[in-house]
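These are the structures, in structure tokens.
Both complexes below contain subunit A, partnered by subunit B and then by subunit C.
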Partner chain A sequence: MRVLSTVKFTVLRMARNYIVLLLLLVIPIILITIFSFILSESVTETGVPYHYQNALTMVLVFQLFAGAIVMYLIDHDLFKENRMRIYTLPFNQRMYAFSIMICGAGYSILLGVLLMIYTQFVLGIIWANWAWMIYIISLMAILSIIVCLIFTFSVKKYKIAERLSELYGVGFVVLAGLFFPMPENIFFDFFGTYGNPLTLSIMSINEMGQSNTGKAWFQANILLVAIVLLFIVMLNLGRRRKL
Partner chain B sequence: MKVTRNERVNNMTIASMQGVIKRYGSHVVLDYIDLDIQEGEIIGLLGPNGAGKTTLIQTLTGMIPFDRGKIELFGNSKNPFSNQNKERIGLVTQEITIFEELTAKENLQFFAGVYGLKRQEKKKRVEEALEFVGLADKGNKVPARFSGGMKRRLNIACALTHRPRFLIMDEPTVGIDPQSRNYILEAVKKLRENGTTILYTTHYMEEVQAIASSVTIMDQGQIIKNGTVEELIQTVQHEEKVRIDVTDPDSVPVNSLEKIAGVKKAIVAGSQIIIISTFGSGNLDRIITLVKEHAGVLGIQADKPNLEDVFLTLTGKQLRDKEEE
Partner chain C sequence: MTIFRFALKRVFGNTTNLIFLTIFPIACIFLPKGEGWPFLPYGYQYFGILILFIGIRLATIILEDRGKGVVKRLAVAPVSHFQYLSQNLLAYSVILILQCAIVVYGGILFGQELYQPSRLFLLFVSFCFASLAIALAWISFYRRKDTSFLLYMSLIFLIVVLGGLIIPIEIFPDLLKRIAVIFPTYWLAEGLNWIVFGENILDFLLINSVLWLYTIVCIIIGSTRKIY
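Take a look at the complex of A and B:
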């Protein structure tokens, strides 16, 4: 498995991409810190402190953008500048793409966990169930990577794929009603409950926090099913792009 | 167009393309390519931009499929692009294909690892490759801080860590300063001394003249001639070439020039009229008279034939556009 020898360098490339680090770690830290000071005294209708809800949302929102670095590396190495060199190397190029995906997911989860550590030990937010939180972050990161790769494989211009990935991230934040309330009708209610990865993740963590294990698993499993289905779509699109 | 190499070395055939055709839709990019590369040779693959050189390399390395013909690498025609064969090939790409986020040393470690080198060997080969391209003191720097020439040299080093038997260099000197170009050409000569077989594509004929043991000329997807530099030049030595600098080259009637006895071809190139005549035709007076009737003559020079002339004679066009020069 010669692809394994490339993992260290893929991680280094990700870690040295300062824009990704800024987007997935620095900006969330700044926003969570500011909001936690503003909202420190407030509580929701159910009595949950607002800054907890805000930190949870922020940690998950930025996972929607986790696919950015993976799509950049795969496009750069397998479709653009480095394509010719990579295709003449004595290893399986598809396995190399998978290794980038896995590294990207790991990296994004790690940044999510760093946010959890920061919020718990610096801002005093108590995460009730760390394992569940990390599981949901993982699902969000993997889903985001798969969606971004679907965009990369399905459009020829990388810039368009990039814009689509941003639309995916910002779109679900808007649909979750974080910028302004969504209209109250069957479509938005149904979509908000079952079709938006961000609201599904938030609800799943909240349900687990209230020991509603069944509901929490149900919402997490919707994400899991979406991952499996979209993974199949991604594989087929990747094959069509001769990956 | 099938061309057989005039002189064959009795070594192992490293790579062979037989009747290879590659089309993109109705456009034929490689048109019945026959090419044999013997061990220890440096083949200069010469042709203008768009001649099909990079496509030939992409086909030869298995990166893109071909429509007809046969490719054999290291005696294997059933599975020429196997990993075992890929391990013996090094590719220096025309684009700079290095990882900007990694240091020079890490770039080389990446490639050395993919080629399966073990820890100690890898360390040694990485140092060696950096030394070879003159970047030994830049190993811990990221390429973002390198000049174009240094990036080109690192690009070459990435293809050398596994000591390939067959090195393919696709226009490795494009867009760099003369000093780096000389460094690269010297490196190629050293590789030749070590017995590496090299396929070197370029559109700079002076590079081919400096390093190649034999030359293959390509144009419009076809191999139009091959042989040693001397052999190719001999094919045009029965011709004379005169360059006339004129004030208004467009007003000179090229067709009329070509009707003068002995003139084989007349071409307008920038501010010059290039006239190729049969050796000893004695038509210079008539040529100058005709040119003077239409434009002012600023200067006249007669050239010794070189690979550029071979290309000009074979295709009726120049190897490089004036803008490129």
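Take a look at the complex of A and C:
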């Protein structure tokens, strides 16, 4: 378990990357605040204040971009600048990669929780079920990290992998119909509901809020299955990845 | 016009730029029409956001030049800074204007209802220049292109929301409604509303001249020569 001694530095490197902090913490805080000012009076059909739904969406949307920092560290350490150094160190490189992934997941879950604390105490949004919310946030973070790593391993140029990961984030936001309504056919219906991690998690949290436990677990388990399947794909791709 | 020609070549040599410059605008044409709001089809409401992104991507090329020392070499070459800047900007604006033409007139061919297409085209052109100038002013504060791009991206999110392009300005609280006037996106949104409902041509001229004011001020800020 020599890898454990590197964890401290991984965490430091993540925390010091202020651009990630800006994009995943400061921007969402500003956006949620502005939106809650704008939407403070309107109420949805079910009687929930509109800015609750909005804050929920925002917290989850920014989890779609959680993989960027992990992608950067893995590429930097195992494929690019630090490759030679890391491979001469007397520890298991695979464990090192896992430790980066776990740190990244923890980091983005922490950012998500910070957002929730901010919205609860400053904007007065009451999160009904904290544990379930954090569980869903962690699923989203892990999923997006795995997807980003799949991009890193399967594409040769890192720049393109970066663009693809942005496309993953923005694409699912668009497919969820948050910018404009999607046309109605089987493809868009699927990717607007059960094929979309964002809508899956929003639906799951809403179901849990209405105490439909069975449905909520079902939707969360779809995410879990996706994570397991993609994890296997990621392992295979990562093992075969050459320079 | 050598710099102009090479600026065009450089822009189209980059794959990501090519996608930004061709596929996204064409996709704008096919977006559906909203119910109630926005009054124009979604693609035209959101084309402004795309113009802002394209503006920064094009202006980043100038920042790249500064980083690689091209500007330093140009300073000793018999090319004035004015020529360098004006020809680069000319190339970028030609590209942006072409895109506006594709989006507006492609929309007519596709059968979108655009009310006053030629005035819509004029509005987009004014906004293109404003966006390019703002991006130029923005990059003059930075040395690294990644930082400038990411920060500008977050800025775009904010001004797009606060300017009323994504959410109609009518539902804003009073304070935000007044603050919105600062942002260029507010004037674009006003212009788009004018295209649908406007009658008085003076209002349209006012909107365009505000956008041109942004252009002039920002070009003055961004046009200083910086040699590192």
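Basically, the second predicted complex is superposed on the first by the 241 of 243 C-alpha atoms of A that agree within 3 Å, B and C clash if a C-alpha of one lies under 4 Å from a C-alpha of the other, contacts with A are read in each partner's own complex, and residues count from 1 in each chain.
Methods note: contacts are C-beta pairs under 8 Å (C-beta built on N, C-alpha and C of every residue); 3 or more make two chains touch, one makes a residue touch a chain.
What you see is a predicted model; the values in this text were computed from it and never measured.
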- Looking at the overlay, does A:Phe37 come into contact with subunit B only (first), subunit C only (second), both, or neither? second
### Query
Which of the two partners, first being subunit B and second being subunit C, lies in contact with A:Pro181: first, second, both, or neither?
second
Examine A:Ile19 and indicate which partner it touches, taking first as subunit B and second as subunit C; both and neither are also allowed. second
Under the stated touch criterion, which partner chain does A:Ile27 make contact with: subunit B (first), subunit C (second), both, or neither? second
**Message:** Quick one: is A:Phe9 in contact with subunit B, with subunit C, with both, or with neither? Answer first, second, both or neither.
**Reply:** first
Footprint intersection on subunit A (subunit B / subunit C) at none
Per the touch rule, the subunit A residues reaching subunit C in their complex are 19, 22-23, 26-27, 30-31, 34-35, 37-40, 42, 159, 163, 179-181, 183
Counting only contacts in the complex, subunit A reaches subunit B at residues 2, 5-6, 9, 12-13, 16-17, 81-85, 87-91
Subunit A partner, complex, touching residues on subunit C are 16, 31-32, 34-35, 42, 46, 146-147, 150-151, 154, 157-158, 161-162, 166-167, 171-173, 176
Per the touch rule, the subunit B residues reaching subunit A in their complex are 58, 61-63, 83-84, 86-87, 89, 91, 93, 95-97, 99, 101-102, 106, 109-111, 113-116, 158
